[in-house]
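Have a look at the structure that comes next, please.
The first chain written gets the first letter, and so on, giving A, B, C and D; residue counts start at 1 in each chain.
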Amino acid sequence: MKPTMNVEFCGVEFKNPVLTASGTFGFGREYSSFYDLSELGGICIKGITPKKRIGNPPPRIAETPMGILNSVGLQNPGIDAFISEELPFLKQFDTRVIANISGNTVSEYCEMAEKISDSQVDLIEMNISCPNVKAGGMAFGTSSSMVFDVVSETKKYAKKPLVVKLSPNVTDITEIAVAAENAGASGLSLINTILGMRIDIKTKRPILHQNTGGLSGPAVLPIAIRMVYQVKKAVKIPLIGMGGISCGNDAVEMMLAGASLVSVGTACFSNPMAPIEVRDGIQKYLEDCKRSSVHDLCGGLIEY
Amino acid sequence: MKPTMNVEFCGVEFKNPVLTASGTFGFGREYSSFYDLSELGGICIKGITPKKRIGNPPPRIAETPMGILNSVGLQNPGIDAFISEELPFLKQFDTRVIANISGNTVSEYCEMAEKISDSQVDLIEMNISCPNVKAGGMAFGTSSSMVFDVVSETKKYAKKPLVVKLSPNVTDITEIAVAAENAGASGLSLINTILGMRIDIKTKRPILHQNTGGLSGPAVLPIAIRMVYQVKKAVKIPLIGMGGISCGNDAVEMMLAGASLVSVGTACFSNPMAPIEVRDGIQKYLEDCKRSSVHDLCGGLIEY
Amino acid sequence: MIKDFSAQIKKISALSDTTFDFELFVGETAKEAAPGRFVSISCGDQRILRRPISICDASPSEGTIRIIFEIRGEGTKWLSEQKVGGILKVLGPVGNGFKLGGLCDLPALFVAGGIGTPPIYYAAKNTPGKNDLVAGFRNKSAVILEEDMLHIANAVMVCTDDGSYGIHGLVTTEVEKLLLKQQYGAIFACGPRAMLKATAELAEQYHIPCQVSLEERMGCSVGACLVCACAIKGKDGMEYKHVCKDGPVFDAKDVQF
Amino acid sequence: MIKDFSAQIKKISALSDTTFDFELFVGETAKEAAPGRFVSISCGDQRILRRPISICDASPSEGTIRIIFEIRGEGTKWLSEQKVGGILKVLGPVGNGFKLGGLCDLPALFVAGGIGTPPIYYAAKNTPGKNDLVAGFRNKSAVILEEDMLHIANAVMVCTDDGSYGIHGLVTTEVEKLLLKQQYGAIFACGPRAMLKATAELAEQYHIPCQVSLEERMGCSVGACLVCACAIKGKDGMEYKHVCKDGPVFDAKDVQF
């Protein structure tokens, strides 16, 4: 018998635990030529903002040992264009849609939460951790009192489950996680990218036009696993784990550490089929160790 | 003409800017069979403590994508044994010796600074950032007021230049750097390891017996470069840059970002000759771009 | 449709110490090759990002494409060390190529700089008419594809920056001379940004439609990650389009150089 | 003296789907090989840590060493995919081997478990006398070196956990039977920790000196990083010694299992 792969998360049923990570998968159109998007547990869209944003000047990407830095800066068409032009495309598929929202102010978050709640998205992911924008973004995510404020306000307007995406650029991620939980978050997702930098030694200039950018990819996997492990012990709400997952075994580690769902981001750049291979890899692991359900994984770690 | 490679750092002359990173090079004996230690700019010894420490139970190491986690836990023979049994060996070589000291309390740091000042070491590196010990260690390094206190007290007893080694596990490293500078640090070194975790999916146990450990190696290079860049802009005292350096070009990046000296750690595990190759690589870069001195590098970055 | 597939290396020739010419077996995909389109190649498991390389020619009947690349860093170095018979992970064909159809009867002018020459060669080859081609290189040893170009263009002018071969000077100087002498229906250019900018300015001055192929660092290569941004003048001011999806070929007058 | 050098793969034989036997050309270094010593092999540029593998035999005259390894994870998988003629980055020989000299006239007992068999074979081969050897494996397909062992020991007992070959049962059951029957001057063991522990207990019970070869995850392989700690009873209580420098072979009575 095949192990069951479906997961209930914040009251929403996912056919499998594998999502695509915000910003690495656009609004799904491009990857739909590689496979049927209905194969995915869910799709987390590119971060949207109240108004269209043009993003940062290029170069926006640099390579690092088993990782990348990006500084896209939330280029997106704005929430209204997303709802009218992109969401209908996504709703053709039998998969969950997670809206990733970013604001410059508390009221922008509230406004977006309200608007997006009336659309057909299944979950709201609040990005308070983007390292690539000046106002808002990561600033919100690195102080527990600000996290509490922005989450508790936004919560009032969110009529869909509200997942808060945490920044890894903090001294103690559990403190931030607890603040978000206390403010009413339905779940947490982690990690966003870690601030990094590369320099072109020929030109002596940073490779990224923003000087610094966010690190993602396999290099960050051990940091992401540690943070999911710490946060799992600190809160009761469920977690979406991400950061460096590129195969089924990475995802199993993330789930053992405490994630209910996992997201695959940067791995899509090396391998467009990565999310599907991650899903198949989790299933194979369950079969190999004769587990009947993916539920058995979350938090299954045996600590020393 | 060969470019000059010597660097003055906190009033101490180094014949070249390449050091070995604390904890990866023991007390130098083992690597002395691979090359003459006098080739090095300096040797930073394994972290020492007031009394002998046996360290943490194994496993103490795990591999990660282009990185490793370690949880040695400051195993060392204690400061007295270091001074009597190890230092004389190191002083045979024409290279600088940096003592890396760790304490559980402010008074332990003071005691060690006083004792080591009377020995023949050239510099003192205060490790307030070890993620692998319970008391002291990283705890000191993550709050700027604690950093200020422990550094300003220790400074009173240090009769040699006092370099403070910073933890990357913080929200804002510049805040900590400034606190150390204000407390009288002669220089700063960064980064220590980043807390991470790996899980053995067969046994469901963490790979490390301490559950978590410190991430080092190429994977952390972009984070280290970013932090050196940020700290360079925030303080006036000179910096030792480390974290993921494995070739001359990595070191050049680190120096352009703001480091006066660089340390090579984990790279020695893949390649025992790494510090020598880093030195030669820096020299080749200077030759290729017709620079007469390694001084031209430090902070030579042209920001956007 | 962009596909991710395995391609076998059929032939390798070193055009110089640092420039390599590969023939890849890609099967049916060769039919979708077009001048200006490119492929994104995985350069070893230890490198996360694929490297975009233009298609330099294609044979749909043999199921092959040709690529020419220069060693610039670690990824292209890795690629240069691969052997005949080896398998590459290739994503492609990516992007919108040159719009070669619908030209008026006038000849076209092709302008290439350095490693931008391969797609220009391919474009010229697929454009009927008495077209001219100007190609500039750093120095003699960097000159590539000269033989091939002679077969497919009316006049081929090779320039070098240091005068070690052909005409001494910049391509754009030659382009201006040609524009003064003769009428062209269109200009197609690929090469360093400064060259593209100067060419675009000349095209505007002489009122000739001009298409340029841009470069930018890439993540996904399929239009999903938005990293390969290039500034394009839109109706509401400047906006970032994406080299992999909206380009790499753009109308020169839209590009904000 | 430990050296870091390039070794060419001279011969490869697959002993099973997952176990491989390599002959490496190491030149002069072969003279420093000894039973229990090991080499640390770089398994691809994308993996930071080298993999420790025991020397299974050495021919100083031919400048070769033999290693046998099992695929356990990504690194050993990479190693298994290498080809004859390929070059490996090797650090070694590392560690203190078995102290085989100065045994009394009594025969020695060699105890091997699974992939711990290669160094035990090598040790037995280099020990004169009518020595016995017990080797245990998971199942028939995991049995290695049987032929070789038959040539160098007096009696060779092969056990399998599932009884699919040889004696059904644990090596330590056989060891106990032998100890009841016969007097041995020393025991040498390498294999899984549980097997070593049981063997050490038997050795203590029968008052026979016993040396065991331990495994631990390694960083530097030269004694500098202190990660390969193993708990050893010292004069001031337990302390951590290091497998790469102080071991891998330890006196069984000192090991804190």
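The criterion applied here is as follows: a residue touches a chain if its C-beta (ideal position, glycine included) is under 8 Å from a C-beta of that chain, and two chains touch if they have at least 3 such contacts.
Keep in mind the model is a prediction, meaning the values are calculated, not measured.
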Count of contact steps on the shortest path from subunit B to subunit C: 2
Most remote chain, CA-based centroid, reference being subunit C: D
Selected pair, greater C-beta contact count between C-D and A-C: A-C
Centroid spacing, where centroids are CA-atom means, of subunit A and subunit B in whole angstrom: 33
Between subunit D and subunit A, distance of the C-alpha-averaged centres to the nearest whole Å: 46
CA centroid of subunit A to CA centroid of subunit C, Å: 36
Whole-Å separation of chain centres (CA-atom averages), subunit C against subunit D: 57
Set of subunit C residues in contact with two or more other chains: 46
Where subunit B touches two or more other chains at once, by residue number: 62, 65-67, 217-218
Touch-based graph of the chains, sorted into line, ring, star, complete or other: ring
Pairs of chains in contact (touch as defined earlier), listed by label: A-B, A-C, B-D, C-D
In the complex with subunit A, residue positions of subunit C that touch it: 1-2, 4, 42, 46-50, 91, 216-231, 238-240, 245
Touching residues (chain side subunit D, partner subunit C) in the complex: 45-46
Complex contacts: residues of subunit A adjacent to subunit C: 23-26, 29-31, 33-34, 46, 54-63, 65-68, 70, 72, 75, 207, 217-218, 266, 268-273
Sites on subunit A touched by subunit B in the complex: 62, 64-67, 69, 142, 169-172, 194-199, 201, 203-206, 208-212, 215, 217-223, 225-226, 229, 244, 249, 252-253, 256-257, 285, 300-304
